[in-house]
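You will see chain A twice below: alongside chain B first, and alongside chain C after that.
So, the complex of A and B:
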């Protein structure tokens, strides 16, 4: 009897506590609803509509925009550009970020403050980053070209070739975003107990072996997380392209997000632009879900 | 349901705006949104003048052109009414009018005393379906600058035609100083502001008969192909390294650093190249009309003006602001304070100080500019609501050919096909 009363009281207390927690979540739910769900729902509605800035709308809803997506060569071109920019951009950012993080984690004493220097590129606004790299890659303005000119070496013009322009954007993107990957990996490195490395050393493991068999496996969740964050962000390529190439040469650097912008704002085709954006969102959500699952499996 | 959806659409479009200031207007306050140019900067600096004269406070927001286009599209589609006067480029006005974004202001403009002082051509450019939609403040045109010393040394004359330009360029081009640079990045305001000067000189055209109303795309013609070959040869063989990705800023910098002999550019950039305060080569630089072709000379033209959004809450105040902004007095002040010579309020050109200022920049400047404006055709770039889309598509194909991603023939064929797709015929 006593124990059942006790259980009941405890149940009520838990319920009350949970109710309290739920109420505490209300502002967050409201904010997410207002700033994420409603615009998303609107975008979804738009993507099925025929809304055009010039022609208005006949209130016809259907799959027309999505059917068009499947046969749109310019979209395929943009997906290719985006895939190249995302793959090489994220891969370089993670590798460089990890390498610098490992280096910095070994630094002790007052030199540790030097870390701040590596964070600086992350603080520069993207348009400014794009302008810096635009001038570095413009042969008539670039100090790099001027330097090699002294020795009679002509540095090729990157922004006028397809692969060169993609490379230039990857460079700019890497420069401004590697501090983010570095920071996360550095934090993960510092979370690894030094006892593990000491134990390995006592067992006679070399430093290289310790790194590959102890440190690296423990960093995998951090790697997965930064890759995911950077990947999602890389689908939103815009300022670098807008400032450095305007999507050129031709349409070589017109990544999907930039193409959606052209459809919406230049071609006034809001519904089709929304369909592109929705598709991008679905792809990003699908990949995020998959990576999150993978992360769960790794950590458990 | 429809109302809900329409609100939702607007809300969605608006959700994209991060920086839209939703200033609630006081009765005697105006929000003016413009993008950065000498005139707009000059006007922003005179906001206090307007307040002193009328008691109305004007919040003049001068933003980047890219941000501007998104900002106003979002404000207009959302009908937020947060803009009272808007910078209206003539190249956009058809699109805005067909989208119902602007308020017709025929009666307001007729009532303005300054109306008779405004150049008729630019004013007419804002007349659509018998209504006036904006008032011009400037008309920029295309000009060519050349390095006198380089031409003298090579013993050649200033080229009068694009053919002459090819042979002169072959003579003067070298590793230190390239012959010529022009805008090349894709976009209706970038390569498609400059390339039509070559295209039209060779008799190329966008449509079968634009003035007669036959809008069948006709860019894939032997004339345009010849022009494209000339444009490509000039930039690829006689342009600076990387010319295929130049925009106006790179052209300007190359000329200011003495890296090119010729620049074919808009008035603003051309003026800066002959201004001793802006370029160390100014005293060696001459200015003239862009070259001619078999079909004559066709300098570019870009008219800018001020309009009133359909959603503006107090159009009377907006009209008052526009009248002040294009008045001879305000224009003269800006022409003196800024590098602003392409005003469309004519009496400004009679002001002695203004004449003295621009003669000092270059003695021929004002006359060459007037001559170019005289030659320019109003529909240099077609005045159609679909132009931004057409210009973007054509510009991308021209740029692809220039950078060797397609042949010029393929580029023009693709451009014409895309024009048909956009226009739906």
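So, the complex of A and C:
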């Protein structure tokens, strides 16, 4: 066999293989199309329509909903609430998760029980998380209030004030999600070769210096990834708001995802709710593009 | 070691102190929900150290007599079936994406990520209208199909990562030996990626088990899942905290072993980038 025919048969084999791969993808492509692309196309169509849950539609399509979006004060308010929840939630989750990861790997050592205890909040479904923290923030019920009562200190009712309600949601969100950041940063820490740290120690660097100049820079990709993932998730806030505050007091915890729900299912304004969802979707598209790029760069 | 100095010991004590504070933060709600679940209804609003003996199993017994066990069963059915379906469709796709030389793979990864990150309200609004018109509201079929939007992207994405770690040579060798692609996948690649497949299935199950939003919109009384059914213990004028505590525990306990098994894989599955 000459080398060129050999190449040809190899080329044919590769083509056959690629065909096989494509057939393996086909059911998933079909399913994604059916379960994801069609609903999303539906959402897009709705966002240009005038569909109302009770009044139906006159089949008028246009940019009306998006024009209304641009000057909607409640939307601006919801973006503000979402920004506060996202920023403070993600920041505290990353800080606490990182602190525990570093603590577990550098200070405490192999502490199995500790790892399991720190993981536990991540296993609690969000509705249960919201209900548990609702009970902790209910002054007549909460053991925290009862404890401070002993010393004559009255803990304020968080859920009845604007900032207090935002704080309460951040607390609940942080409690259930810090284990996620902890896990990822712990894995990244364990991936760092001990040789590097030993070499630094041999060169006379203190433990603290080694941590800040060797370990921390190597953790940056993990931090970036975890921040992005948590940030994207935080845009989807729903159960905690629904259970703990119902968007209140007033509209102070009505984050955008929740606002879209209110417009659609309480005000029956489906078309307008869809327009808000489309806007959120575009934001998610930009961020996920960046994450996909990041992922491609790190894995290749 | 050089580090055995006074200042180092101080730092160590500080470090341990910080860990205890964080552990208190992590454990307080868990301990509290356990306490609440055993408290008698009549003393619920009293500090528990004032009446430590007012414990009862009534809250637990009350739950078994309510509709909640059926909702738990619904959660199991939906999470199990939608994960199973998504595995059947998604695992081969993950394999193909990891090993083929297709050019649009970056866009596939973007689409999968986007589907996982997109706001659920975007899927739910059109699905709700479709289901209302097709009579699929409050049906198992409709709910399981809707949950495919959650499970499928997650499973394809994490299986893609798992199969990427299976060496190409392994599959090439099997094909050289005359195995078909399907056989190479089933007999060589899949066993090698088994831990990843277990993790993907667990993550799929968990994401449906945790869901509140989909079930809130597209279920009514007969297929209601546990996270939505908990809300029944909150009525207009009173909140049944004892039952809520028991229900919260019942919602968490079944998935706790899954979490313990899966935690080491969660990292790899959720973000292919951060290699542990």
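Rule of thumb we're sticking to: the second predicted complex is superposed on the first by the 282 of 300 C-alpha atoms of A that agree within 3 Å, B and C clash if a C-alpha of one lies under 4 Å from a C-alpha of the other, contacts with A are read in each partner's own complex, and residues count from 1 in each chain.
Just so we're on the same page, a contact is a pair of C-beta atoms (placed from the backbone, for glycine too) under 8 Å apart; a residue touches a chain by one contact, two chains touch by 3 or more.
This structure is a prediction, so every number in the text was calculated from the model and none was measured.
Steric overlap between chain B and chain C is present once the structures are superposed on chain A. Of the two partner chains placed around the shared chain by superposition, chain B and chain C are both touched by A:265. Partner contacting the larger number of chain A residues, of chain B and chain C: C.
With both structures placed on the common chain, the touch criterion links A:66 to neither chain B nor chain C. Once chain A of one complex is fitted onto chain A of the other, the partner contacts of A:162 are limited to chain B, with no touch recorded for chain C.
With both structures placed on the common chain, the touch criterion links A:211 to neither chain B nor chain C.
Touch criterion met: A:191 reaches chain C, while chain B stays clear of it.
Touch criterion met: A:140 reaches chain B and chain C at once.
Once the two complexes are overlaid on the shared chain, A:80 sits clear of chain B and of chain C alike. In the superposed model, A:235 lies in contact with chain C only, and not with chain B. Applying the stated contact rule after C-alpha superposition, one finds that A:128 touches chain C and leaves chain B untouched.
After superposition on chain A, the chain B segment that clashes with chain C is 76-84; the remaining candidates among 40-48, 76-84 or 94-102 show no clashing C-alpha atoms.
Common to the chain B and chain C contact sets on chain A are residues 35, 38-39, 42-43, 46, 51, 140-141, 242, 265, 270, 274. Interface residues of chain A facing chain C in the complex, by the touch rule stated above, are 13-14, 17-18, 20-22, 24-25, 27-29, 31-32, 35-36, 38-40, 42-43, 46, 51, 96, 99-100, 103-104, 106-108, 114, 116-129, 131-133, 135-136, 140-141, 143, 146-147, 149, 175, 178, 180, 183-184, 187-188, 190-191, 207, 221-222, 225-226, 229, 232-233, 235-236, 238-239, 242-243, 257, 260-261, 264-265, 270, 273-274, 276-278, 280-281, 284-285, 287-289, 291-292, 294-296, 298-299. By the touch criterion stated above, chain A contacts chain B in their complex at residues 35, 38-39, 41-43, 45-46, 49, 51, 53-54, 59, 137-141, 145, 154, 157, 159-162, 165, 242, 245-252, 254, 262, 265-268, 270, 274. Across the complex, chain A is touched by residues 2, 5, 8-9, 11-13, 15, 66, 69-70, 73, 77, 95, 98-99, 185-188, 190, 240-247, 250, 253-254, 257, 259, 385-386, 388-389, 392, 396-397, 399-400, 402-403, 405-406, 422 of chain B. For chain C in complex with chain A, the residues that touch the partner chain are 3, 8, 12, 15-16, 18-19, 22-23, 25-30, 32-33, 35-36, 44-45, 47-48, 86, 88-90, 92-93, 95-97, 99-102, 106, 109-111, 113-123, 125-127, 129-130, 145-146, 148-149, 152-153, 156, 164, 175, 180-182, 185, 209-210, 212-213, 216-217, 227-228, 230-231, 241, 244-245, 247-248, 251-252, 255-256, 259-260, 263, 266-268, 270-276.
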